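Let me give you the structure first, and then I'll get to my questions.
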Amino acid sequence: MCHAILLVSCPDQKGITASMTNFIYENNGNIVHADQHIDEQGNTFFMRLEWSLDGFDIGKEDIGDRFKAIANKFQMTWDLSFSDQQVRMAVFVSRHLHCLQDLLYRQQAGQLSCEISLIISNHSDAKPVADHFGIKFLEIPITEDNKSEQEEKEIKVLNEEGIGLIVLARYHQIFTQNFVSTFHNRIINIHHSFLPAFAGGNPYLQAYEKGVKIIGATSHYVTEKLDDGPIIEQDTVRISHRDSLEDLVRKGEDLERVVLSRAVRLALQKKILSYSNKTVIFD
Amino acid sequence: MCHAILLVSCPDQKGITASMTNFIYENNGNIVHADQHIDEQGNTFFMRLEWSLDGFDIGKEDIGDRFKAIANKFQMTWDLSFSDQQVRMAVFVSRHLHCLQDLLYRQQAGQLSCEISLIISNHSDAKPVADHFGIKFLEIPITEDNKSEQEEKEIKVLNEEGIGLIVLARYHQIFTQNFVSTFHNRIINIHHSFLPAFAGGNPYLQAYEKGVKIIGATSHYVTEKLDDGPIIEQDTVRISHRDSLEDLVRKGEDLERVVLSRAVRLALQKKILSYSNKTVIFD
Amino acid sequence: MCHAILLVSCPDQKGITASMTNFIYENNGNIVHADQHIDEQGNTFFMRLEWSLDGFDIGKEDIGDRFKAIANKFQMTWDLSFSDQQVRMAVFVSRHLHCLQDLLYRQQAGQLSCEISLIISNHSDAKPVADHFGIKFLEIPITEDNKSEQEEKEIKVLNEEGIGLIVLARYHQIFTQNFVSTFHNRIINIHHSFLPAFAGGNPYLQAYEKGVKIIGATSHYVTEKLDDGPIIEQDTVRISHRDSLEDLVRKGEDLERVVLSRAVRLALQKKILSYSNKTVIFD
Amino acid sequence: MCHAILLVSCPDQKGITASMTNFIYENNGNIVHADQHIDEQGNTFFMRLEWSLDGFDIGKEDIGDRFKAIANKFQMTWDLSFSDQQVRMAVFVSRHLHCLQDLLYRQQAGQLSCEISLIISNHSDAKPVADHFGIKFLEIPITEDNKSEQEEKEIKVLNEEGIGLIVLARYHQIFTQNFVSTFHNRIINIHHSFLPAFAGGNPYLQAYEKGVKIIGATSHYVTEKLDDGPIIEQDTVRISHRDSLEDLVRKGEDLERVVLSRAVRLALQKKILSYSNKTVIFD
């Protein structure tokens, strides 16, 4: 059965939850999940409301219109989606393919409710994987000189393909501000360190040389500033002096896979609200 | 500012959340936290609702009466409490004092919003600690022969002292069914293993002999069946063949402290709903 | 450069380490790793010694013979291997293919120094995976009636193929005592729970119904007693009341992959010594 | 029974382990623990050797002299200690007393084999705790103007008291280079973040504002550069958007206690070798 999902944020005041849950009840909906959070510093209210459309009085195409009165009253930023919409996802990757393969495996296993429609790379390494899974593959090499031009190509094809979510599965190119703002809050990256530690290049080497006893991985939305967008998910694993740089890479890649796939899953389930460079995760 | 907290469970149906949040809104309350959960197998609805009484139209003493109409309509099991009520807590302990000391430290540090009113032990070891903190101490030795009699004494003093929560901080006696049912869902135990593994006596020795690579601690409500009540909180720590039995005890005690104090804090904040031998934790 | 690896256990006494390291030194070897452990309860000495054969005076084929004098003197149980020996591995699997796929991926990525020579299943599901990787696949259905007979077939082919390590990657059949003792300390299983909790069938369902707050996975050597052999590796992940049985399976499978592959890697690197139903792990 | 412990580092070459273990064997010692590590990048050999002096032919006072021949041959940096030497420890603390109290508790419980001889603070808050435990307390306020002068006082008393290990248990003053170099590799600090993230002041606030999903604590040796010395131990705990800054502090303090006490224990057991701003931990 199809569910509707509302993600909402607005200045906190009395009556928001009552207004929203009444809207569902009066139209014969059945709430399946309701999560709210109040950021006391910013006096901001956040809510995720998921309800079954079985017997709901309002047709899918009219729900947004009918909800507008409440949204306007409380000055809400809001997003309405439906569980039967399959998001079309594009994966960008360079030469490390473990995260790409993991996403493909999970999508096949039914863990990620999306369609993986497109794989883009600045190298050709991922082509056999794309072919094996029957997914469109574009090799778009990037140099300092052609970056803007190539990104225009990418934006064009991403729009043509109706891509709703872009996942950077170890894509080692920095996008221009233009690209990032075109897909605001729709680009998820995996960084192979426990951010904000070891931002930038070669984080495993940085960690190895620093001699940390724990390494991590971080999945975050991409913003204009490198490795600095709102963090969605992190995890860590213990290491020791016995671990070589190669061991760090191996252990870290296990983390990357899990952390990135959790973040992508949360995004697909519409469980993330980002605000002022942080996230609320309704899991 | 005083908050009211409602914990509710009932058969799931349409309109529960709307009715409850309307009740708050129509009486000028401001919801601070609202969490709900639906157990789909049992078709059961759970909710924790916390709202500020600042400007609320109904006086504290009348809220329960006024809420009854909603509660009855949805056949709710419910519990109303207020954030300014200091629960009076009793700690039972035998000869390992680390959990007791930790609870006392946290209460002093303001992490546990309660009054520790009474310490009861079947040994005298804890007396100096109780004295140092100025807390009433009762030594009540237990033998097979005198258990029922001694428990009657305990029940009497617990009632006289108005104890709302009993914490077994490594108390190595098994209560009779009579005692347990007298304080249903009000006795929290720490068991020094990852339950259901290693229930019963000497779990560290059991773990050592089994050669596990991870040990744990479990905090749970006490029921008639030993080490089998609804689990509130668990945590684990990695060990190796290099760890002696003594090392397991040391590492495990660090877990016990943290796991027990988290469970007690959740109980004091009215964040636990237990049902059919499981718990819903609204943290 | 090829390394030699000695795994040794014997009653503890003075001079063992000196004798062994002298043996290496006097023959111009360079020790790369040396780990030892003494089990004080059993007064047993364990050692793993790895040295470079670059410039070593004794040829590979003679090292064992020459070492025998020391081994006999200290009544050692010992195992000599070489880093350039590729172990031939067989994977048994039923219908859940995630662990099999993970092992194949890691072997390809160079994380497991072995050859995966054979996949055996009581179902046909894994055949396409085996075909894709070009690995010999045998479907050997098991019933109560034909088990002994079918195991004879399996033993025959495992011997013919020179299999040194058998990995049960979610193989849901219980072997006879005959099979297990034929491959003593050479069968590694993954059990999808935090053993000894939830041994036997359907551990995720058991965990779900028990309401634990943490689930785990365990890799162990297979012995005659079900899910009871020496534990090699375990790991855990936190869950909550919000997790459905399906969520437990998904989170647990991520653990299974990591835990099984760590155990297999340790076995291939000759880092495991098992004794009296426990293991010493020299990692 | 008293054990001797040798910590050794030197350029790697053949025969080191054999020479050292022979030294023990030929003098009738029984090795209890032997750990070694080779840093391949730096071609450096590290060893920790612990043996029982029961029946050892050389008297404690002569062991160093007799070992010198081996040490010189291999150009070793080495440190000899005995398990019956009680290190005298000083604790520096400011106003957060949880780590101090934890160290005192563990010392009493027999987990830290040392004498806590002195507590120094720039405030008076810790005095009652010091009095309760009967430990000498010095209040030495620090200003920008008097820092060098006050540190001279501290160095004097630390030397007079024969202090072997200085623990900064949340001491919020930065030492001068003079003080740090006087106690090279003998000052252990706890920093309340996952270093190198959030070095400097108010790390919990930094973490809160960054919106990380995991926080950590780090124990390290103090060097001239703030929060940058060799890391001994780290640990992490998961947080969420629901955690207030106060929650981060509470959860983080639980980590601080465990991480600091582990590091102090490792130092007292002579299990730490530091080199080129990293540590080898023989645990």
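Brief remarks follow.
For reference, chains read A, B, C and D in written order, and residue numbers begin at 1 within each chain.
What we mean here is this: contacts are C-beta pairs under 8 Å (C-beta built on N, C-alpha and C of every residue); 3 or more make two chains touch, one makes a residue touch a chain.
The structure presented is a predicted model; accordingly, all values stated were derived computationally and were not measured.
The chains that touch subunit B as well as subunit C are A, D.
Bringing subunit A onto subunit D by least-squares fit of CA atoms involves turning it by 180°, to the nearest 5. Taking each chain's centre as the mean of its CA atoms, B is the chain most distant from subunit C.
Of the two chain pairs examined here, A-B and B-D, it is A-B that is joined by more C-beta pairs in contact. In terms of their C-alpha centroids, the spacing between subunit A and subunit D amounts to 42 Å.
Rounded to a whole number, the gap between the C-alpha centres of subunit B and subunit D is 37 angstrom.
Among all residues of subunit B, those that touch two or more other chains are 242. Touching subunit D in their complex are the following residues of subunit C: 13-15, 17-19, 21-22, 24-26, 28-36, 38, 238. By the touch criterion given at the top, residues 98, 101, 105, 109, 111, 132, 242, 250, 254, 258, 283 of subunit B touch subunit D in their complex. On the subunit A side of its complex with subunit D, the touching residues are 37, 39-40, 194-198, 210-214, 216, 230-236, 240-242, 244, 277-281.
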